[in-house]
Amino acid sequence: MRFSFTEEQLVLRDTVTAVLADWCTPGDLHELYANDAPDAGRSHPRWNALFNLGITALHIPEVDGGLGLDDRELIAISEAAGRVALPEPLSETAGVVVPILVASGAGHHALEPFLDGGGAATLGGVTFTPSGPRIASVADGHRVRTSGITQATASHHLLAVSSASGPELHLAVTADGDLTRTTSLDRTRRLGTLTWTPTDATRLATGPLAATLLDQAVNRAALYSAAELLGLCDAMITLTAVYVSERKQFGVPVGSFQAVKHHLAGARVKLEFARPAVYAAAWSLATEHPSATHDISLAKSLASDAADEAARVSLQCHGAIGYTFEHDLHLLMKRAWALSAAWGDARSHRARLLNLLQAERSVLPS
Amino acid sequence: MDLTFTPEHDAFRMEARAWLEANVPPPGALRSLDTAEGFDDHRVFERQLFDARWSVVSWPKAYGGREVGIMEWLIFEEEYYRAGGPRRVSQNGIFLLAPTMFEYATDAQLERYMAKMASGEEIWCQGWSEPDAGSDLAGIRSKATKTDGGWLLSGQKTWCSRGAFAHRCFGIFRTDPSAERHRGLTYFLIPMDAPGVTVRPIAQLDGETGFAEVFFDEVFVPDEDVLGTIGDGWKVAMATAGSERGISLRSPARYTEAADKLVDLLLATPVDEGHHLDPRSAIADEVMKAYADAQAYKLHTYMTATKVREGHTVGAEASATKIFWSETDVAIHRAALRLLGESAELEVDDGRGGTDLSEWLDGYLFALSGPIYAGTNEIQRNVVAERMLGLPRA
Amino acid sequence: MRFSFTEEQLVLRDTVTAVLADWCTPGDLHELYANDAPDAGRSHPRWNALFNLGITALHIPEVDGGLGLDDRELIAISEAAGRVALPEPLSETAGVVVPILVASGAGHHALEPFLDGGGAATLGGVTFTPSGPRIASVADGHRVRTSGITQATASHHLLAVSSASGPELHLAVTADGDLTRTTSLDRTRRLGTLTWTPTDATRLATGPLAATLLDQAVNRAALYSAAELLGLCDAMITLTAVYVSERKQFGVPVGSFQAVKHHLAGARVKLEFARPAVYAAAWSLATEHPSATHDISLAKSLASDAADEAARVSLQCHGAIGYTFEHDLHLLMKRAWALSAAWGDARSHRARLLNLLQAERSVLPS
Amino acid sequence: MDLTFTPEHDAFRMEARAWLEANVPPPGALRSLDTAEGFDDHRVFERQLFDARWSVVSWPKAYGGREVGIMEWLIFEEEYYRAGGPRRVSQNGIFLLAPTMFEYATDAQLERYMAKMASGEEIWCQGWSEPDAGSDLAGIRSKATKTDGGWLLSGQKTWCSRGAFAHRCFGIFRTDPSAERHRGLTYFLIPMDAPGVTVRPIAQLDGETGFAEVFFDEVFVPDEDVLGTIGDGWKVAMATAGSERGISLRSPARYTEAADKLVDLLLATPVDEGHHLDPRSAIADEVMKAYADAQAYKLHTYMTATKVREGHTVGAEASATKIFWSETDVAIHRAALRLLGESAELEVDDGRGGTDLSEWLDGYLFALSGPIYAGTNEIQRNVVAERMLGLPRA
């Protein structure tokens, strides 16, 4: 039992944090909001700066040319990406698609883009329910329409499901399909719908393996949303703490009022106790611990609630200024709202937790 | 105790309902209130309301009203929300400024402004907050200095709702520079097209310009546009603040209609089978809590209206009311977004080739401002504790 | 539309309040706690003082010798009784049993004790569920065992159900049965179980009438619990406001701290908005308005939540002193806890509200 | 990052489990801790624990401990709650006083007190609060004046947990009457049977005497029973306060075990058919929230324990921890009472011909004191805001 990051893990996280500080400023996000054409704000240099740190190859075994690391490293990196509301598919690529590719037994060819091709990948067409993934891809003749794709315009590859004859998992090339943009309140999520053609070349898995990988993909998406929510929480609370320490009303900083203190203290306590649950779930997932599903639902439910609370009190403590488009708060708040609901909200994950506990108890002798 | 309406009330209700059913534009037909085009769309509808004498039912007939009582006003509002009437672009004038005008304005002022306010010909914005005087209105620094036949106003106001497109502004300025806090303030009625007025629109959360910063550089306002007495602006302004927080701004129907739609949304949400804990039931309780609060607000308003009609005034209770309606509004819309789940963040087809916020998301963003504006709920809780419960001031 | 009490109603309420101030002090309640033998603390003078005001005859038509009044009068009286945590079956007798007797068509003989016999009555053996009353009386040979009777040792009569051959409503005489005491955290609720014998003489109604009256009885019990909760809320908040205005810490009254202010303000707001709902439900019930069931569930859900909140913040704002047996707060708080759960807690009533709304919508043309 | 236990940890766990399974009395076998008889029942069990060297596992072997680390302590606590071990009557001594003793006591003091504390031979109560110094400990007025060979203590302490039956008391008294607030205080170890000590038991919510007022009238305490330096009592006391709020008082197992039982209660609660909103599902979410918080507390504790073991100290985080465990405890028990519904208020057969609070009701009443004692949660929130978030002091 040693529940903390290693020095190496912290160094890697801090390196990523430093790169993000350069390449993902509030100004960059404001620009993306201002200029929301389908391919706008796409920052090849930003993605390359992250890619060059090897993050997308993190989960790839060393024997295949990757870093041979796992979720214990990546979880802290995703948290850092959340802190700046990164508008790139970093968690999607490194936390979901690449590990699924590795687990699917896909060969070197499939992994290559993520080793040295600048590859960015995402997923879509599936949502979380307490009883399992719900497939939301729709057949369109020989093609498949997959909606709900995050960072769609920033991704080269799409992990998606075709369910024509039983569920199949595919890795589609976005440029080969037709991409249409969906407008989210958080423009920087760059949601989209891809209509693509399943082929032998795109097929990753069928039958039970496809179902297992799909379960894993949704669990991974939930966990990495939770990690980003931690970062968002922290960023909102910090931004607000600075603001209320400076902003004066009635001749004193508003942060000296007990009501403001208690709002922020409450949010901070929630964050403080959500964080270990997210890290523990990353450990469970990386070590294939039998409690991984339980731990991911625990993590997502706590992180979603913490983020809702942090968003609520941050807006309230900012007062009217937080309600403006030009202030930075909304950049964080809208992402927090979206991720809190994405891949199962707090309630849905608590529902799954109860299902798991109930199943466990019915197996045990009474 | 009688909670039924009289036959006269029922007749009034039916007349309003008939007109509204025939005239309220379908959802989305008017463009967003917070755009220049939408602002005009909404003014056209205000004119229709005015022509049919529905825009200000409780006002004197001379200014386009029907001189009806508070119960009829509540009935009209119920019908307005029931019919899905659009947001009132003239709201700041008719709900916030007008009660103050009827209390403090000269006959000439009433003559000059009220009918145009009622018809939407002149839209008013509020000039309350300043960068350093948000919740603390007494910290106002914008000043007015005497000149021949009037005053020269200088300073900066912010969070002026409707400020981007409005024709006139009401607000308080410091006329006695040696006085502090609540003293030496005066209430002015200001033309937005006067030389020296500069408007900087402020985009709100959804990117649209619901409010503005307004800069005043020696803006001339004639003596006849002072409302109330010189130096008495705080008292006059507090009358408006009372209206803003009190029953007049927020018709219960706004919440009961939204809550009813929320229940519809709940009942239309598919139940996810295959597991023992039904998350729809878990959210159902949150939905019904919001529904119950909307109903409670309605009944509380009837009780308050009875008191008002019988000559009682609403004091610190207005603070309790403001806390309650603003939090109910957030609760209703938050529950709806939870029901919508992952799709809550998505915009919807606006019928004009673009997309717009869904009704629920738009309502949520709007609701979030409730606990902040018109005196934050933190300030209101202080008022409830000190004035309703007698707790000592800090 | 005139939503307020009449002068006469207020005078009646104030008269009752004055009598309660004399006959039901915190000292009386402490004594009842201290001396909790089955028949202890029974105060004939207290009950007689209330009885002499005619409250038990309030619902009896004038032609039968009663006051010919209804719930619009009684609701304010029950609120006043709640304010002092009255340990007598005032709401049970006047708010539930007598109106049910009147509605059942029972003759003068049955009503007589409540006109001039000092009669006190209560009910038991039934609980609220969102889908209707659940009968909890148990057959015991020819006898019936009815539990969950409030103010059992203070009541001469018991309205109870026998379900041997279909539900029947009876008015049993407590002295004719065997009463055993049940211990509640709130000793002053004097809960009990009566084993009694149904006879022709005790039978009030059978078949559909019995079912209807049972529905009404449970609704009435819920409404009057809500009214008492309003009084309890008000009393707890007032007691606490006085305490925090006097009690000093850090050199100032604790009531000057914003956290304390906001706790109490929040509770007061909840009370403020629960109250009209309770009064409106009394009006609906008295006027047989079709929304009565809906309105009672609305009232009980709001009053239960308001009382839970008032109890919570009152205890917290009192600090350790509120946690002691010798302080008055627990007299109110324990009653509030009990009544908040009794006759359907807030959640159960919200569940019934949803059932009602769903049924309504399925009837309406869409 | 490694969340598994070593084989040595597992062996330690199994040894503890075996002993506890064989020795923990069945539920209800010991009478209530807050009665004189129950106090003795619990001391007998403490002696058994001590004899098997389970009463203070992390202490030096010389005083009955096993000198194991914080992880083993957590494991023991997990097993203790898993086995349904009774409330620890020696808690104030072994969890609150002992850490301070190990930091400040002389060897002679340790020799004199620690083994008897560990065996339950001497039960300690705390003497912190005074009638006018509850959350504001710096307002202490009880004083100690120097006399030959020791000090004479006078004044009044209140809310002394276990005070009605304890043998010894630890607390701070003002030794420099001219000093104010935090200065001039000294920490004393006081025999409760000394002349001049008067104990007034205070009954708590359930009518039992969990705490007491203690009056001191020139009570002699010898110099060797001063803990730490004269005048340094605040610093010494804060070390105890840190323990009280920190991880040492509240084992996560206390909450995870209770939360697991809560889930069992939920799954055993009958579903009411015949209506569409299943109230069991509505409460289920509240149950699972409590369950999730208990799990979160456990994981947080593992993380804190890792830090502590690696030499970090716990500062303001202890305030966050205290807020979280106390509110989690209330949430778990409140959810259980909601599931029990109307029967929640009823007492249950105590197996000795009487009735007693049900486990859940008893747990709820106990939990309610959590947000109040050891520094109210309001004070703790101030600490979190000022020390963890850097907000300005009022």
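When the chains are written out, they are named A, B, C and D in that same order, and each has its own residue count from 1.
Here is the rule we use: contacts are C-beta pairs under 8 Å (C-beta built on N, C-alpha and C of every residue); 3 or more make two chains touch, one makes a residue touch a chain.
Computed from a prediction, not measured in an experiment: that's the story for all the values here.
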item	value
Pair sharing more residue contacts (C-beta pairs) when A-B is set against A-D	A-D
Chain at maximum distance from subunit C, centres defined as averaged CA atoms	A
Chain centre separation in whole Å, for subunit D relative to subunit C (CA means)	38
Rounded Å distance between subunit A and subunit C, as computed from the means of their C-alpha atoms	52
Residue numbers of subunit B (touch at least two other chains)	277-279, 282, 284-285, 288, 378, 381
Multi-chain contact residues (two or more partners), subunit A	257-260, 262, 347, 350-351, 354, 358
Touching residues on subunit D, where the partner in the complex is subunit B	277-279, 281-282, 284-285, 288
Subunit A-touching residues of subunit C, taken from the complex the two chains share	257-259, 262
Residues of subunit A defined as touching subunit D within the complex	1-6, 9, 72, 237, 241, 244-245, 252-253, 255-258, 260-262, 264-266, 268-269, 272-277, 279-280, 282-284, 289, 298, 301-302, 305, 347, 350-351, 353-354, 357-358, 361
Subunit C residues touching subunit D - in the complex, by the definition given at the top	33, 127, 129-132, 148, 182-186, 189, 191, 248-251, 257, 259-260, 315-316, 319-320, 323-326, 330, 334, 337-338, 341-343, 345, 347-348, 350-352, 354-355, 358
Interface residues, subunit D side, partner subunit C - complex	129, 132-136, 139, 158-159, 202-207, 272-279, 282-283, 337-338, 341-342, 344-347, 355, 357, 361, 368-369, 371-373, 376-378, 381
